[in-house]
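Which chain is which? They are A, B, C and D, in the order written, and residues in each are numbered from 1.
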Amino acid sequence: MVGVNQKDIRVGMVGYKFMGKAHSNAYQNAPFFFDLPVKPVKQAICGRNAEGVKEAADKMGWKSYETDWRTLINREDIDLIDIVTPNNNHAEIAIAAAEAGKHVYCEKPLALTIEESAQMLEAVQKNNVIHMVNFNYRFAPAIQFAKKLISEGKIGRIYHMRALYLQDWIMDPDFPLVWRLEKSISGSGAHGDLAAHSIDLARFLVGEIDEVSGMMKTFIKKRPAVADSSGLSGKASATEFRDVEVDDASIFIASFQNGAAGTFEATRFAGGNRNSNQFEINGEKGSIKWNAESMNELEVYFADDDPSLQGFKKINVTEEVHPYGGVYWPSAHIIGYEHTFHNLIAELMKGIEQGVSLSPTFYDGHAAQAILTAVEKSARSRRWEKVDTYL
Amino acid sequence: MVGVNQKDIRVGMVGYKFMGKAHSNAYQNAPFFFDLPVKPVKQAICGRNAEGVKEAADKMGWKSYETDWRTLINREDIDLIDIVTPNNNHAEIAIAAAEAGKHVYCEKPLALTIEESAQMLEAVQKNNVIHMVNFNYRFAPAIQFAKKLISEGKIGRIYHMRALYLQDWIMDPDFPLVWRLEKSISGSGAHGDLAAHSIDLARFLVGEIDEVSGMMKTFIKKRPAVADSSGLSGKASATEFRDVEVDDASIFIASFQNGAAGTFEATRFAGGNRNSNQFEINGEKGSIKWNAESMNELEVYFADDDPSLQGFKKINVTEEVHPYGGVYWPSAHIIGYEHTFHNLIAELMKGIEQGVSLSPTFYDGHAAQAILTAVEKSARSRRWEKVDTYL
Amino acid sequence: MVGVNQKDIRVGMVGYKFMGKAHSNAYQNAPFFFDLPVKPVKQAICGRNAEGVKEAADKMGWKSYETDWRTLINREDIDLIDIVTPNNNHAEIAIAAAEAGKHVYCEKPLALTIEESAQMLEAVQKNNVIHMVNFNYRFAPAIQFAKKLISEGKIGRIYHMRALYLQDWIMDPDFPLVWRLEKSISGSGAHGDLAAHSIDLARFLVGEIDEVSGMMKTFIKKRPAVADSSGLSGKASATEFRDVEVDDASIFIASFQNGAAGTFEATRFAGGNRNSNQFEINGEKGSIKWNAESMNELEVYFADDDPSLQGFKKINVTEEVHPYGGVYWPSAHIIGYEHTFHNLIAELMKGIEQGVSLSPTFYDGHAAQAILTAVEKSARSRRWEKVDTYL
Amino acid sequence: MVGVNQKDIRVGMVGYKFMGKAHSNAYQNAPFFFDLPVKPVKQAICGRNAEGVKEAADKMGWKSYETDWRTLINREDIDLIDIVTPNNNHAEIAIAAAEAGKHVYCEKPLALTIEESAQMLEAVQKNNVIHMVNFNYRFAPAIQFAKKLISEGKIGRIYHMRALYLQDWIMDPDFPLVWRLEKSISGSGAHGDLAAHSIDLARFLVGEIDEVSGMMKTFIKKRPAVADSSGLSGKASATEFRDVEVDDASIFIASFQNGAAGTFEATRFAGGNRNSNQFEINGEKGSIKWNAESMNELEVYFADDDPSLQGFKKINVTEEVHPYGGVYWPSAHIIGYEHTFHNLIAELMKGIEQGVSLSPTFYDGHAAQAILTAVEKSARSRRWEKVDTYL
């Protein structure tokens, strides 16, 4: 095609709010920081509201815009479809994109249901397109470094993982029923939004989960409806209150296939915790702690340190020797949330160039969905549930 | 009685190891720091090994010693029996002491089984003696202050408690089967030893637990037997390995009667955590964090702080205005583990003087036992269990 | 001019190493995150090595390149000269740029000597161009928020500032004499590189310094010369050792004009501290602590909190209500080092559009130079020195 | 003497307020925790106010009391004089005690002036009595462990010590002129009270100080006089304001004889810091951080750790392998402020039994006084001053 660099991967992104901003920024910065084999181009952005999407395109540097995602998918000048819409649209768009032969990069949780995620996985596999799900926290340097330590045997057999994802943004009972609180749009509350991240980190770092016992809590049972009909903006209606159908908190205990014990807690009711995506892993030879709010630091403990010198060490994972070392700034000149996206995009581009779907793939999205599903089932059945049932 | 100050409470203590040392030190220091209405006197200490108990008596300032606890209980110059033996002796001694009309102060967990704790509670109530169980962490100033904040409504409706008690002292597979790992002596592993403390703090600060779903893990299945026949000392046998019958870790999720969600984890396999008895409570109006390893500090968050000034505040709970303020040292001249015992003894003495069993009583010990029992049941039944069943 | 958006500010940058990367990234991201009144355009980059500068231009998205800064300055399509060269070139380039009528944005420390900085200030003022010096840490949201608290009187009369800038990258005696260790190129060691930042924060937050008493230490007296003749790359020569003429550490005490006491320490020999640019300010009504390594957090203490609830509070300065709130990501989705540059560029663009040199101007650079000079003088005279002497 | 165990060291203590309480508690607990070769006996306590001293004797377990320290010193049943009076009485009592052949244990700072401390040192040496000055922080296990690490060469050549002792108890301008603010009684303000501790830790851990440049600040120039004539109690007079003659803050920079650079800051005006006696030491091979407010923890960094695993490690210095390990409680069952006194008393008793004055001796007290004196001189002369001048 005239004017197209064969090394350009032309992205069409559906959606343009919070996640759209994060993805757009990553497309812009990944080529700046990395020597990418192929480079993303912000070709077209898509949203239902013409005015809104045009403004977003201008602000975030997209070359064109569409108001119908089906049109976007069928554009010949699009190589990769990036889905940053609310969860209830993921499956339809992703499947259509795969069938149109486009690579697909989708926000998490992959789907509303395990049935949907299974279909999505089947679609990308059948159509042989590259696929990735946006478990961006995997790409924090500290997480990659934790993975390395575990893979090299530095932690040994793992006994425990306790993972928390604590937020507090909806504690006000007058906070309205925005789309993330609408079951038909988001599928669940803290469960799919937050626990999904913890689950992916657990699978990435510890291994597959065998079974779970969980509970889900909705502390505020009724909330103001949102004033606009779409339910996507956040203004509360003064008069109408509606039932909250999603969880405020999702809590479960788990057994991993390798015998480790897991405790998981995701909540939007942990006052003072704005984005505390944290965990601790305890193994035979060492322990690891991390918290996204200070994401550049990894705390490690090694049992074979001199007995008088044992303790948790706080490592600023920004050295040349660390994952993504040298990509950004000198030691302890810290990076932030958005860099997890830059790193993920670099990985996605590498995968596209190599023709391989690198992790986290739609399989990872589907596997996480199976665990989410088993927990939901357990919360209803009030007993332990096997994850394999849903895979 | 000649030579006895009516204000002296003459203590007879059964056992003299780690807890015996802590209790002995508290008897010595409580009168130094507090203006006690009645004062404990280290009258007699009791242990089966004559040489050992004599040495302990000398070292720790006890006036006399016995080698048979029944003799001790029947001595007329004893007012209070303090039980610091392994768990399997608690019930028999406590019941006999109560029947002999002695006040009883007993280590936790109160008993091996819920049946035992019920009998113990009945005995002290029927015989109308003062009773207390040694949930010493309640008496950390930070915990008393947390209680005050909660009682005053500063935290509001509680949504979450997550409590961890993490240790790592038996992670070496060659660590032997000492009495704390012997089911017949200790009843359980981390469960009764550590989770019991978390459970008491949960009941004290949040309220009664309605139901639980738990799991118990034994990571190391066989360990060296101890070389000596009593099983109380710690030398490993080179040749004999025996099955570990107690849990290395006890993990459960819970619903409180007030609707709060609880997650509990007690383990001896969390490398790098030596005595990390910690929790976080999230309420409608604020949050609280605490860790026994830095027990003088309480972290608090208040939702009604100015929006730009919200965050966790670290309070060094050593001011005159704090619980036990003025008893010890000036601000931020910190106190330690042993002071929780001093404070508890002061409370026990106050109760004896007033003729009232102040908390934590044997009822508190029994109620904790009911939760421990429900968790054990749940770990076997693999479903949620009601706590009330056992009360 | 054809094809030029009047709202474009066409930048010509001299130098392209570490700081060149940071500046380039900021030109790219400031318009993405901010609604800028005028936008920077990466027009031309300049360096002596044609191959190197061409590669840098491609990688970092500059439209053209030059190998002679005089040519760059005289290009009509350049509005702003950005100086990221070693310190010994700042004065000559800045003065020439100002005389050519270009706005000037210069790295810190502004100059090698107080004479140079005075000339630079005179040049930008006489030629009426916009000028800014790159004290980027001012633009960390936490620093802006600290400034706001102080300005609003929340801290009250300030008694103390203690500021440390601790690094450790040259502790190895075999680390070579790179340009930052060459007196003729950098002017000083830790003094101009690190103390300059602390000094600017002190002036910004506390006020003008009246007098100083300082010492400068060079712990490693000889180091390997660098292998290449330019002295700009970092390979050590195996054979030649040369005297180190700059300080490894710069330490001074200070009196502010408002009566506050200051202690300052900048060093490259504080093992384990990679980029610990930190300070604590104590005032009549409150205290503030900050460390660049966890730059999203500001710790604050207020003396008028309830006596039982006093302590340092850790605020994650990423809320909508905070400086730069809403520009980046949701609460506690942290930002990093590079964002201080984005924020500064937004300020610079605002100044250019308004025709005003916003702080930190060349005056701020010169005032910092006066303090640096007084400290150097004091280290030689071995007595207190007045800062005003040099202004 | 009848009824006296030759292993008893009969203590006569002059003074009975804050420090009297700490010392009394240590006499009681040192024999409980340690196997002491000789044991302290609380023989007699002395104070001018008969009622007050009698009450103190009862409360703190002293066998008898005196109202005239000269009588106390001459009692045959006293072996050791412990001086916990305000500073202006130290010299007279200590010299008289030494001349009476009693061992002497004295609070810090040793004296009001360098002349006094020289005379005190001469007196104890001439009369050949055991002497110790109460630099109790040396006896925090973490400090002993830091000393061990340094002595073993684990930190290597030391480049930096920065020591802060931050308090905030007199920040209220209405806080009255208690004895600690009276120059005639206390000699100085934060300087002798707080900086003295930092100086002793510096000498203990880093070595002798060669020269200093300092400043002293008095932020609040006038304060209410105290209502009672003695000036020892704390009630403010409503009407009379008097000049504050002591420093609120003492700040100095220093060169150690071994070439290390020191920064020292002691203040009572650092809001939010209640008892923050802290320091960081940076050496060739590692770094050490400590803060008395979390005195059980020592942070260490080692430059020879694996490059990817470098960082500060937080060690809970409560293991069997640590100094005083096994004396108190199991790992991470923390100890507090008072235990530094227990440990010091154990050392003092060991010295008495061996007939040797163990550190910190009166020489250490005198050497600290020389540094205090040099700093005061420097604050007046406004130039660097040599410490040796005063030794």
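FYI, contacts are C-beta pairs under 8 Å (C-beta built on N, C-alpha and C of every residue); 3 or more make two chains touch, one makes a residue touch a chain.
Here the structure is a predicted model, which is why all the values come from computation and not from measurement.
Q: Among all other chains, pick the one whose mean CA position is farthest from the mean CA position of chain B.
A: Checked the centroid distances; the maximum from chain B is C.
Q: Roughly how big is the turn, in degrees to the nearest 5, that lines up chain A with chain D by CA atoms?
A: The best-fit rotation has an angle of 180 degrees.
Q: Comparing B-C against A-C, which pair counts more contacting C-beta pairs?
A: Top pair by contacting C-beta pairs is A-C.
Q: Chain B-chain D contact: same residues or different, taking over half shared as same?
A: Result for this pair: same.
Q: If you average the Cα atoms of chain B and of chain C to get two centres, how far apart are those centres in Å?
A: Spacing between the chain centres: roughly 55 Å.
Q: Could you put a whole-Å number on the gap between the CA centroids of chain A and chain C?
A: The computed centroid separation for chain A versus chain C comes out at 36 Å.
Q: Can you list the chain B residues in contact with two or more other chains?
A: Residues 310-312, 316, 319.
Q: Which residues, counting only chain B, touch chain C once they are in their complex?
A: Residue positions touching the partner: 145, 300, 307-316, 319, 321-322.
Q: Hey, which residues of chain B end up touching chain D in the complex?
A: Against chain D, the touching part of chain B is residues 18, 22, 24-25, 28-29, 32, 35, 59-61, 169, 274-276, 292-297, 316, 318-319, 328-339.
Q: Using the touch rule from the top, collect the residues of chain B that touch chain A in their complex.
A: 159-160, 162, 164, 166, 168, 171, 213-215, 217, 219, 248-249, 251-253, 255, 259, 261, 263, 265, 267, 269-273, 280, 282-287, 301, 303, 310-312, 382-384
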